[in-house]
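What follows is a pair of complexes built around chain A, which joins chain B in one and chain C in the other.
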Partner chain A sequence: MSKKDYNFPADLHYDGKNHMWVKKENDNIVLVGIDAIGLDTLGDLAYITLKPEGTIVKKGEPIGTLEAAKMTGDIFAPVSGKISAVNAACVENPGIVNDDHYGKGWMVAIDASDWSTESTALISGEKLQPWIEAETHRMETQGFDA
Partner chain B sequence: MRWRLICDDNVHASFGLAADEVLTRRVGLGKSVPVLRLYSYKNYCALVGRFQDVHSELNLDYCKQSALSINRRPTGGGAIFMGENQLGVAMCIPGKDDDTYGRARELMARFSEGIISGLNALGVAAQFRRKNDIEVDGRKIAGLGIFRDSSGGLLFHSSILVDMDIAMMLKVLNTPFEKISDKEVATVAERITTVCREGKRRIAISEMRVKISEGYQKVFNISFEKDDFSLEEKEEIADLEKEKYLRQDWVFQTPHVKDSVGMAKLKTEKGLLDIRLTLAGQQIKALFIRGDFFAAENAVADLEGSFRWHSSNQQKIEDTLNKVYTLRKNELSSLPLEALKKAVNQALQRAKILERKQASEPYGCFVTPGGNAHV
Partner chain C sequence: MKKPIRLINLGKTESWKTQAVYHALAEEMTDESPDTIIICQPDSPYLCLGYFQPFDSIFDRKNVELLNLPVYRRRIGGGATYLDENQLFYQFIFHHSRVPVALEKAYKTMLAAPVETLKSCGLDCNLRAVNEIEVNGKRVAGIGGGRINDAAVVVGNFLFDFDFEAMSTVWKAPWPGFRELAKDAVKERVYTLKQCAPNLRMRAVSDKLIELFPKYFNRPIVSGSLSQKEIMASQKTAQVLTDKIFLNDGNTDIPVQPRPLKISADVFIHNKKMFFKNKKINVSFRTDNDVITRVKVEGAVEIEKTIIGITIEEIEHILNSGSSTVLKDN
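The block that comes next holds the complex of A and B.
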């Protein structure tokens, strides 16, 4: 079995449970998207819906739904706050997420309400590499993240 | 491990779908052990995939005239036609932290093993086909889908064609071809198959149930306890029907990514080639191949099946065509590969032009000013 080389940019934070990435922008605004293992687990995305701007979300709650090659399901908020922007381009063309999920394929921006607490539960910095290795191993032996 | 086995028949579309979702949620929340539900719908209903548009997928006038119920599944994929001769399979299991499925590299393949085992026991040489079909020598016999509930529960859905009234199905489900002729019915009949046809005898839903449940017992090393919905589950199902599956805004919601269909007709030395390609964003949803060439229908069905939810990348399309032709060289000898590549590409380019046109229309099915409704 060939070992997959998943890309996890070091400047991002990751929600280890739901495989979403978080990028801290100015103030408490964070950009949110799906990470490499999340996308590989789901397969190419075909459809996405996202909750509208202004929606208050809690960490772990759905911020949208998706249909991918392997399943349909919810997209989960990695942090709590208010959705401050929705990437309409990826809703119109989910192929953007398939092609550039760390860049143009960002999904929503959230005005995080408790970044200082919730960010500690995200994976980043020195915790990142061990987590990537563990998750890659898990994907190779289990092939699935539910 | 002991699972619940729930069997019911003659169910209404909204009840059937709500029951699956409630069971999945309860399993995800730890309120129920895993459940295998084997059921059939009341004649007839049409169920579209999670993000499909009922207006483009179904002949709504005919559905209304014939009092067919229509609804929307939580799982993805294409529209299906269900009644007393199609067996619905709903496997509701916990998602994470369950070692039973820990080594399942490919979930859909793993979950379909119980069905395949049951079909094999009936003498049907069924096998899993990526991404979401079970087929017999290129002909689809069952569709598959997975829904991950926010509770963490997983719903694996399948519809098994025990038997099928194809003429009726084609009246209900829209196809990209202009009219439903006897030839079209015959073509579709050759590209899908049924358990009765493969088993060469009449096979009752009750017999299928026994074989499928035995298949799951064997594959997952479990035992079943025959059960029914609890009172609490019945109440939750009734609530979910009201909140979701009986609501027009669930059934008639329109997708943000509108399908576009491109067509191409090409004269080849072996006959006319007539291609329809349905594109959703950058994904090919379906490829339909018709014409007056003489190729084995199961091989053409295999070609069509290879392009369900396929990338529209030109190189990937060529790779897939080459792969199928390598496997089925003799059966496809009357369908020239180069002509097919050309026709598929033409249909794709036309679908893309249509897609761009739709995208430029300000009030189409794409995102409208003011944001997206999340349903």
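The block that comes next holds the complex of A and C.
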């Protein structure tokens, strides 16, 4: 089986467990969306719900739900903080996430409460390439025989 | 040795258990929990909403109350359905790390035993469109899947018989034409084992399915039962799944925009509003692979022919064109 070539922009941080990307903006504001492997496991998105602006969220807890053509699941916060903005466009038209998941398909902005600590658990920099390779391998091999 | 899969055969059981138990096991799933398969059959009829289906956008509340049907909302996808003792359920609750990451592969592996069970009964059964189980090219099961906390869950059924009348009665229909189209479509697209194999017995199918699990999961199957803790968690979960606020999700998390009624992988029933001769009327239509194949127009039959054969994109264009015939979302 040939390996898929997933795009993981090097300037982002990644939540290795839940396949969310995190982009550090000004101050402690981070943009959050779903990464390439996360999207590939879902397919075409039909519905997205997101917790409203002002909600206090904890790292690893659900900040929304999604329904793709063949499955449903939760969207998890990659960092703790307060949701400072919600991308209403992707709630209205989840196809935006499929079309441009690192750009217009961002989901929420979080005012991170402990970026300096929690960002160390995210994947970035020189850890990125080995993680992409491991996750790509897992995509292709994980299963009942693993 | 490969980790065994726990099999819990609940048999014919109280209806609430057929939804609550798998949710409770999934919610509590950890890496140490046993992967579990549940086999069960509800002892009385009920309705079940998909995760993204608020009660009031899918069901006609008055008709549901008239039929005295309990309603559950599951945390996995798919459409609303009517369930009763003529259906045998199989529910897979596995830790996500022990399930293929790729969706197609996950469904293929989990649904192999149900598909092979029907094949072994002499039926022309195939898996199509990732998770549609079909016999003779028609849908013969309702399959849904999703991630609940750390569990990957796939649920499905063997449809021995189906109460088309009850199903079509409870759908929220803006006008009778919509209900008529939906009822015809579900009768045409949903196939039952009673229709294709009238002599097939539920017990025989259940036994065969259980026999095939070790082969298709390539893991040992060990019969088990629910622990007291799991039973208590299930009781608590049942209350959540039937909670009035959860059923409509407090109108906060769930989108309320109208959605087409899914009949099968390729067939949907839509409804639009249209201004015709200065009157707002309903236009209901069925799409097969996004092409309009049947139409019912409220009080203006002459329009119906002009709509058949056009695509969803084309009717959306008419919707947005602002022409004299203005269509709007219902």
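Operating definition for what follows: the second predicted complex is superposed on the first by the 142 of 146 C-alpha atoms of A that agree within 3 Å, B and C clash if a C-alpha of one lies under 4 Å from a C-alpha of the other, contacts with A are read in each partner's own complex, and residues count from 1 in each chain.
Here, a residue touches a chain if its C-beta (ideal position, glycine included) is under 8 Å from a C-beta of that chain, and two chains touch if they have at least 3 such contacts.
Quick caveat: nothing in here was measured; it's all calculated off a predicted structure.
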item: Joint occupancy of chain A by chain B and chain C, clash or fit; value: clash
item: Which superposed partner A:D44 touches (first chain B, second chain C, both, neither); value: first
item: Partner chain(s) touched by A:N93 [first = chain B, second = chain C, both, neither]; value: first
item: Chain B versus chain C as contact partner of A:E25, first or second or both or neither; value: neither
item: Touched partner set for A:D114, first chain B, second chain C, both or neither; value: neither
item: Per-residue touch tally on chain A - higher for chain B or for chain C; value: B
item: Which of chain B and chain C A:E133 touches, first, second, both or neither; value: neither
item: Touching partner for A:E53 - first (chain B), second (chain C), both, neither; value: first
item: Partner chain(s) touched by A:K70 [first = chain B, second = chain C, both, neither]; value: both
item: On chain A, the residue positions that both chain B and chain C contact, one per complex; value: 43, 46-47, 49, 51-52, 64-65, 67-74, 91, 142-146
item: Sites on chain A touched by chain C in the complex; value: 37, 40-43, 46-47, 49, 51-52, 64-65, 67-74, 91, 138-140, 142-146
item: List of chain A residues in touch with chain B within their complex; value: 43-44, 46-53, 55, 61-62, 64-65, 67-74, 76, 86, 88, 91-95, 98, 141-146
item: Interface residues, chain B side, partner chain A - complex; value: 49-51, 74-76, 95-96, 101-108, 131, 145-150, 152, 154, 255-257, 280-283, 285, 309, 311, 359, 366-367, 370-375
item: Parts of chain C lying in touch with chain A, wherever the complex brings them together; value: 50-52, 75-77, 97-103, 105-107, 109, 130-131, 145-147, 149, 217-219, 252-255
